[in-house]
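Below is one structure. I have some questions about it.
Which chain is which? They are A, B, C and D, in the order written, and residues in each are numbered from 1.
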């Protein structure tokens, strides 16, 4: 497959992933949303089915949608290292596009929320996304774009992201999923989606399970750039953790695979 | 396959889709329902499994069940344009039948609800379906039949429906699902059902995700015609949005498919 | 396959179905249960996965587990009519065994609940199973065994059960599931389980979706016979509806299949 | 397959199972977790998808992950009895590792919880895991590691664990799943995961459904050894029930399989 085919497929697939994933965070955050306060089960399944949808659409390129997955697959030998930058570029661009699409889909809700006196008074109405005490510089809608920790502690947060991502990528590698960028089997993609749902339910509590560098960094950049009134800070101090942690986890999974299963 | 086979299959499948989808809205709306207030997770899975059931029953005709899907498949070349009106007709008739079946299934509940003084006093008891402030002319059971916006703004609502439908139809087209009206694979239909569940969780917040012209228009007509006491208005001012938005989304998905994946 | 093989397989499969289905009703009903008040989503998925488990275990005999399904399959010609009594007998015995197993599994909870002064004072603690106003003669744990209507009206309740069962059996027949008693495909059984979950979410509101004569009648007999203190009445006045309604629905689905899809 | 391959595969798979299963208990228990109080539906799906993830990763060795499953498969003749100790050893070591990983993932939450005056005053903040009245010697985080009964009664609790495990192992044996340690089919593993979710919803109410000796005993040992402040007792008086009950259930399922289905 040509580099441009990989790039286009990963861009579209990651855009859908971030659109739907960010969408479910928006859906439970905004008071004027039909899914307001629908809870963590909604978020975990929402992100799982976001992976499902994005992965089917991007099956042509193997549907990595995540640099941590790309790293794990490259270590396993599933793709040549020369293709890694192409995957990264498509994933990153897709995450930017997806975050903008969340904003367009929920444009009216963003406006109403960010001009709501209650929200501005500190009751940000978010459902389990960013704890204002832990993240005093995180604005009231940042949780729709990016993750944040419940208890802020760099080493601890990094460990959590590493563990969760290692499980994700190990499950993908042992499925033979995404191998060689040849596209994924239908059942395999369903399984990965449910693994992601499971990771959200089980290991998402402390940090909101970024487990994907571009899923966190791309929307954070969009949050910083969008012309939203009263949007507050983008919490750049935390931004490196959901990038570095997942990359380490992906590499660790690749290593475990080579040692224990290859 | 003959036109009458397509017509019958799409009619029955869409009737089941709208019966079960409208059914879950009824189930969470009525106080005297065992699923009262079961929340948005129930609605999102209810609609997803409504698609699952209708799509398996209509597998013979490819189980479009949705004019936006038919348009996308026609653009891709999956069916000849001459069959499009046959699909549309079956889908539309099925939606009418499905809405009547919801009424029959919940007949006692409709009666009790629409003669309940609390409901008539403005506490319409609906769970996240139609915001009375946003839809002053929407009656207290309209949300069981048709969608309505949380924040009423034509352009914004249209954009939301277009984005959500584009994702739906693009996922269907990239699955190779429904191609040529030859019937869908078992796994493919499951996946589409979960994509619909995911879209409900993630992008359903602002408008209630019609993402299907007949799913909204057919039941709205039935709402207008049924002899329900105190049923209130059918909100015809909004009716064009969940028709036009999904059709644009279906066409857009067809175009993206041709450009990026064909 | 021999009659005794069919009988044993259907008995075990239906016992598992009723054990797990009754179990989830017990789980949400009893205060001293970890799933107390877990809500309608828990019940709908609990019954769906009860079908899944029972159906896999009884795959050898086609996993009908439900006389309404047996009737529909016989009308379609999937099994000879001479085998119908064997299926019925296994299904009925299995339902009796399953209800006894629910009692054994939750023995401590039954005792605590039925000697709890609050429950005996009329606060029966049940979660959406039997409305005491609608069912004054239904005891405080009957909802764990059998269904009851939210609004008691024979014709209306019958119509609801007929519609829901017709959808169930039509979905099974169009899947080619259970044909000839040869055992079901793995995906097909998953789909039927999710159809049942969907029916619970969407059409279970008015009557609690028996959609299976033995699932309701068998446990009702066990309720009448078990030596439970303060168990109250078994609501025999309602008992015919979840038997007759599903049988009509199964036959109707068989007829629709023959006319529209055969 | 060599013994060391079995051992490594079962160790890693069981570690993932216990990490994710313990993780979801942690996620709903801790106030400073995004999934706090997410309820029993979250727990049941969390454990189901923990099985899914662990089982895919350990497919190479048949993914028993549970001595009760190993016993059932050995009785069926799926593996030679000489391999049983190897499976047991891997499963046990994996459970220890998994419990330690839960602690690492939620390290900050454990610290905050066990120094929270409200928790120490007896409001242990746990969501449906261990009833303090029933388990006066169970510490405030024991429910994250091991199961405990809602109503403490050895015979009753044993019966509940036996029934639930019998259903689990019978479903696995009739699937032909895990046979011969040759690895499991993709759909089969999904089904087992949903069976486990269903068992949690339906039969988990009284005892928290250990249904796996190492899943309970391993983490209980880790609970006893970890340097957690104010962690309280490990409830060793109950510890034998979730070991003996599931082993009996596994053997019973093997026997039923041989008699009824072989």
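Going forward, a residue touches a chain if its C-beta (ideal position, glycine included) is under 8 Å from a C-beta of that chain, and two chains touch if they have at least 3 such contacts.
Because the structure is a prediction, the values reported are computed rather than measured.
Student: Counting residue numbers used by both copies over all numbers at the interface, does the chain B-chain C contact come out same (over half shared) or different (under half)?
Tutor: Different-residue interface.
Student: Using mean CA coordinates as chain centres, what's the gap between chain B and chain D in Å?
Tutor: Centre-to-centre distance between chain B and chain D: 40 Å.
Student: Averaging over Cα atoms per chain, report the distance between chain A and chain B in Å.
Tutor: 29
Student: Of all the residues in chain C, which ones touch at least 2 other chains?
Tutor: Residues 39, 41, 187, 190 of chain C touch two or more partner chains.
Student: Using the definition of touching given at the top, classify the network of chains in this structure as line, ring, star, complete or other.
Tutor: Basically the chains close up into a ring.
Student: Hey, which residues of chain C end up touching chain D in the complex?
Tutor: Chain C reaches chain D through residues 8-9, 12, 16, 19-24, 26-27, 30, 32-36, 38-39, 41-42, 45-46, 48-50, 52-53, 56-57, 59-60, 101, 104-109, 112, 186-187, 189-190, 193.
Student: For the complex, give me every residue of chain A touching chain D.
Tutor: Against chain D, chain A makes touches at 39-41, 43-44, 128-129, 131, 150-151, 153, 156, 159-160, 163-164, 167, 170-171, 174-175, 185, 187-188, 190-191, 194-195, 197-199, 201-206, 208, 256, 260-261.
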